[in-house]
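The same chain A turns up in both complexes below, where it pairs with chain B and then with chain C.
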Partner chain A sequence: MVDFLQACINGLLTGALYALIGMGLALIFGVMRIVNFAHGAFLMVGMYTSWVLFDKLKINPYIGFLAAGVFLFFFGYLVYLLLIQPIRDRSDFMQILMTTGIALILVDGVQLKFGADYHQTNIELVNRTLRFGPFAVNAAYLLSFAIAAVCIVSLRSFVVRSRTGQALRAIAQNREVAPLMGINVTRIQGLSFALGIAVAGVAGGLLLPALYLFPTVGDDYTLKAFVIVVLGGMGSIEGAAFGGLVLGVAESLTSFYIGNQWALIVDFVLFLLVLSLKPSGIFGRQRA
Partner chain B sequence: MIRSWKLWVLLAVVAASCCLPLLVQNDYQMQVVFRIALFAALGLAWNLVGGYAGQLSLGHVAFFGVGAYGLALFTSHSVPKWISIFLAAIVAVIFAEIIGRIVFRLRGPYFTLATIAFAEVLRLTATNLKITEGAIGLPTPALFTGPSFWRLFYFSAVALAVIAFLVNGWVSRSRFGYYLMAIREDEETASAVGIDTPRYKLRSLLISAFLTALGGALYGSAFQYIVPDNVLTIDVSLQIAIITMLGGAGTLLGPVVGAVLLMSASELFKNQFQESHLLIYGILIVVVVLFLPEGIMGGLQQLFRWRKKPETARAAS
Partner chain C sequence: MPLTGSQAAFGEALKNGYLIAVDEINARGGVLGKKLELDFYDDQSKPDQAVQGVSKLVDQDRVPVLIGSFSSESTKAMIPSIIQRQVALIIPAANADNVMESKSPWVFRICSGAADYANATVSFLKANGAPKTIAIVYENTNFGQAGMKAMSVAAPAGGMKVVAVESYEAKSPDYRSVLRRVKQANPDVIYFCSYLLDATTLMRQSQEIDLNPRYYTSAGTGFATAEFPTAKGAGRNAEYTFSVAQWVATARWAGSREFDAEYLKRYNSHPTHHGMFSYEALQVAARAINDAKSLDSAKIRDAIRNLNLSMTPFGPIKFDANGQNQHPVIITQVQGGQYRIVYPQDAADSKPVIPAPKWSDRR
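So, the complex of A and B:
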């Protein structure tokens, strides 16, 4: 029982980061209907941003993640204006191709600049373990969890409460009528794309201490992010947060009981099951 | 039937590709032209699903990998290698039937994601199972031996491409092909006028999977060793799709043009950028989507039609 709970705790700790990644994609894909196959690549760029700051300026990744978020916000806005906005009304087919192209450019561009070597950020916190009764929790993971939780809550209240968030949801509800209400669709859509990318960058920065860094590190996260969004139900950013936690726990239990190498397969099987049995997601309602 | 000028084009391309080995000096170049011919065949196979039926599959490497692994596994159980190839292709068709039944219920991005997910499940399974020797990989038997090794592989790839081309030619003129194109243009309307859309989409996938698996077996056999990260990686799916999109999805010559252009470009870039050679793919995709959404052949076709229009208008009046 203790083992089971420990596995669940570990799952929740990674799950919070998955939740963050999923919410970013939910904003872009679920709300704005932009099919972003480059989500993991942007996350990887966030990790590299934070790593460069750590490597060159000795900035702790737990501060560097903020810089990664800010950098990716502007970078995301630029990518939206140059590459996404011209094709936003074309078919999904074209959006998938475009974002796949962006992902290839990012991954191989980073590889060209930094090489394919593995990097690691050795910060002291990663080696420290906190004990709560029978449970052991890695201090770095716990800190990442806490920061991710703060980001999740503030992102949600931004979307629900702020005026920009209202405009954003108005576009999601009706793209034709929103501009008639004086909403600048290009600006708001670009903003939410940039925000989603920035969140991926923050998640990347927070993942950095826990992972080895290499150019294709983000590839798995693109699919994972879609799995999370689908699990949570399209268009619901709260759903994506739950989806992330569910995925984290499912992965953790699989690695604990079956084996680490099968965790990724569980993601995809879960994804295919949800898509074919309940396409509206576990927490979602059917959308028109 | 294929219109006569297309037959001439086909004959010219085949004649040119048969003369090509005369120009090639060494094994390395022969291997490059083999890859061009092979990817032209794979692009033509993908074209049935991605081009005519308009279903953006990014999981075709699943069939490619099943072909390669099938060849390796059947021959290791002492099945003759030429029979193994066809058995592997039949296994791929069975996989396609199973995968298709699930993924064709989905639309747009969900379809694409599901195809990727299936291919990834296969890659991870092959990496973790004992029978496939995990990440270490399997040796594959060479179909040909001797000094003209690459030449024979090249001609087999050309033969496969010709078969795939003929299938495409048949599809583009047949009732089946018109059904697929109707599905691509508007699936709801297609099914409203009585086309059994899941059935025809599935049928296009089955044919496509068969051809793709033959290509995968040829690839595995030519390089004589396969690992999951080589024959089951999403990069192959992307390459196939991009070749076809660049040349022009849903056109007959598009995949061939795309394969020649992209494979030679990536070969040049490989020497320049080593491991970052996928960069050129990324840049090309972005350029194609922004400026040439119909691909090269699609763009030419449109130009041709646009030129032709005033004449027909005049003739009508």
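So, the complex of A and C:
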């Protein structure tokens, strides 16, 4: 029983970060219907940003992640205006091509600048273990979890309560009518794209102490993010958060009870299950 | 060799060895009266790139003999290309046994194989407490799989039961579930087959989940690098781990200490056995070309086969019928942040500390 709970705890810790990544994509894909195959690449850029700050300026990633978020917000906005907006109304296929291209440029650009070597970020916190009775929790993971939880809650209240968030949901519900309500569609969409990317950057910064850093580290996360968004339900930020947690726990339990190499497979098993049993996702609404 | 990518640290170690060797060779008059020049190809730690490297070096640059790569995965991928092109390959560091399974006359290996590692570890364990159960944790590529297979055979032969066999994918560095499953099996010994980043993470996470076997052993590699016992690696978590090694600076082979001093002078750190592998591989290659008195690949191949050096900084060099150099394996333990030789007795400079103190007792 202890092992089961410990595996669940580990799953929730990573799940919170998955939730954050998923919510970023939920904003972009779920709400704006932009097929963003570059999501993992932006996450990777967030990781490298945090790493550069750590390596050159000795800034702890747990502060550096904020800088990564801010940088990626502006970077995301720029990318949206220059590259995404022009093909906004074209087919999904165009978006896939464009975002795949962006991903390639980001990955190869980072490799050109930083090389393909793997890097490990050794900060003191990663070596600290907190023990609660029979349970062991890595201090760094716990901190990442706490920060991610705060970000998730803030993001959700922003989308639900703020005017910009309401404008965003209005656009998601009916894009043709939204401008009639006085909503500047281009600006709001740009903002939400930027926000989604910024969230990916923050997640990257928080993941830095836990993962090895190398140019293609984001690839797996793009796929995971799509699985999470579908799992949680398109258009639902809460769904993505929930989906992320579910995925984290599922991977952790599979890893422990069946084997480490099956953990990635469970992502896709869940994906297929959701698509066949409840395609609109756990929290999803059927779109008219 | 991998100058970039996940195995860049090892590629760098190999390169350093080659550079020292080439200077020594040229100082002695070079090869066939001319200066020896090294043509490096970076395979980026990827097997497909290694195969391309063979093409480039042999077909385009027309090298007379090839040395490389590093990893068992990359090296094994190169073998068919080598055989097809009929150029001798000297393998400095690839440990997996299947790398030599082609039995081709063109393939030679300087370092010992996975089976030797496993056998040496088992002999050491039998002579030092004779534990009864062992768990094997390995990275899921050729090197790891070879180490696992070798130990799966050697352990029962040495009176130990294999109670857990766990593989992991190196890309996702959360091995807690793997280590927890090992903890459930409660082994006396754990045998790791890992590269550097994983060695660091595995020891850190072993401490985190409070995994306490009596012996932490390993198939060298990640557990035998210069960085492993330092802050760049596992730091204090590395203490008490055993590793197989094929060479340390304090080994009683002529030229060993001189090599260590030269390496330290040039690169500001002590070499691990990888530096010695590459150094020795190049020395062997140069020697063979000089013995063959020709750049003809077949003659060089025969010259390598006929070598019988009784004393080099790497001990005696002699290749058996299969192209494998007969090299003894030693066991080291990290004590006080340093690698100390603990086995066999006649090579040892320290006594092994057994059992490894529990994590809660260390600090």
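Criterion: the second predicted complex is superposed on the first by the 288 of 288 C-alpha atoms of A that agree within 3 Å, B and C clash if a C-alpha of one lies under 4 Å from a C-alpha of the other, contacts with A are read in each partner's own complex, and residues count from 1 in each chain.
Note that in this section contacts are C-beta pairs under 8 Å (C-beta built on N, C-alpha and C of every residue); 3 or more make two chains touch, one makes a residue touch a chain.
Predicted model only: the values in this text are computed from it and were never measured.
Engineer: Scan A:D117 for contacts with chain B and chain C and give back first, second, both or neither.
Structural biologist: second
Engineer: Looking at the overlay, what does A:N127 touch: chain B (first), chain C (second), both, or neither?
Structural biologist: second
Engineer: Using the superposition on chain A described above, determine whether A:A170 touches chain B (first), chain C (second), both, or neither.
Structural biologist: neither
Engineer: Name the contact category of A:A136: first (chain B only), second (chain C only), both, or neither.
Structural biologist: Touch partner of A:A136: chain C, not chain B.
Engineer: When the two structures are overlaid on chain A, which partner does A:V52 contact: first (chain B), second (chain C), both, or neither?
Structural biologist: In the superposition, A:V52 touches no partner, neither chain B nor chain C.
Engineer: In the overlay, answer first, second, both or neither for which of chain B and chain C A:Q261 touches.
Structural biologist: Both chain B and chain C are touched by A:Q261.
Engineer: Looking only at chain A, is it chain B or chain C that touches more of its residues?
Structural biologist: Larger number of chain A residues touched: B.
Engineer: Once the structures are superposed on A, label A:L272 by its partner contacts, choosing first (chain B), second (chain C), both or neither.
Structural biologist: A:L272 contacts chain B only, not chain C.
Engineer: After the superposition on A, what does A:G109 contact: first (chain B), second (chain C), both or neither?
Structural biologist: In the superposed model, A:G109 contacts chain B only, not chain C.
Engineer: Under the contact definition given at the top, report the residues of chain A touching chain B in one complex and chain C in the other.
Structural biologist: On chain A, the residues that contact chain B in one structure and chain C in the other are 116, 261, 264.
Engineer: Quick one: in the complex, what on chain A touches chain C?
Structural biologist: The contact residues of chain A facing chain C are 3, 6-7, 10, 14, 115-118, 120, 122, 126-127, 129, 136, 138, 210-212, 214, 220, 252, 255-256, 259-261, 263-264.
Engineer: Considering the complex alone, what residue numbers of chain C touch chain A?
Structural biologist: Those in contact with chain A are residues 4-6, 8, 44-45, 140, 166-169, 171-178, 180-181, 184, 197, 200-201, 204, 207-210, 231-232, 235, 237.
Engineer: Please output the residues of chain A touching chain B within their complex, sorted ascending.
Structural biologist: 29, 35, 83, 86-87, 90-98, 100-109, 111-112, 116, 219, 223, 226, 230, 261-262, 264-265, 268-269, 271-272, 275-276, 279
Engineer: Which chain B residues qualify as touching chain A in the complex?
Structural biologist: 54, 56, 58, 102, 105-106, 108-110, 112-114, 116-118, 120-121, 124-125, 127-128, 234, 238, 241-242, 245, 273, 275-279, 281-286, 288-290, 293
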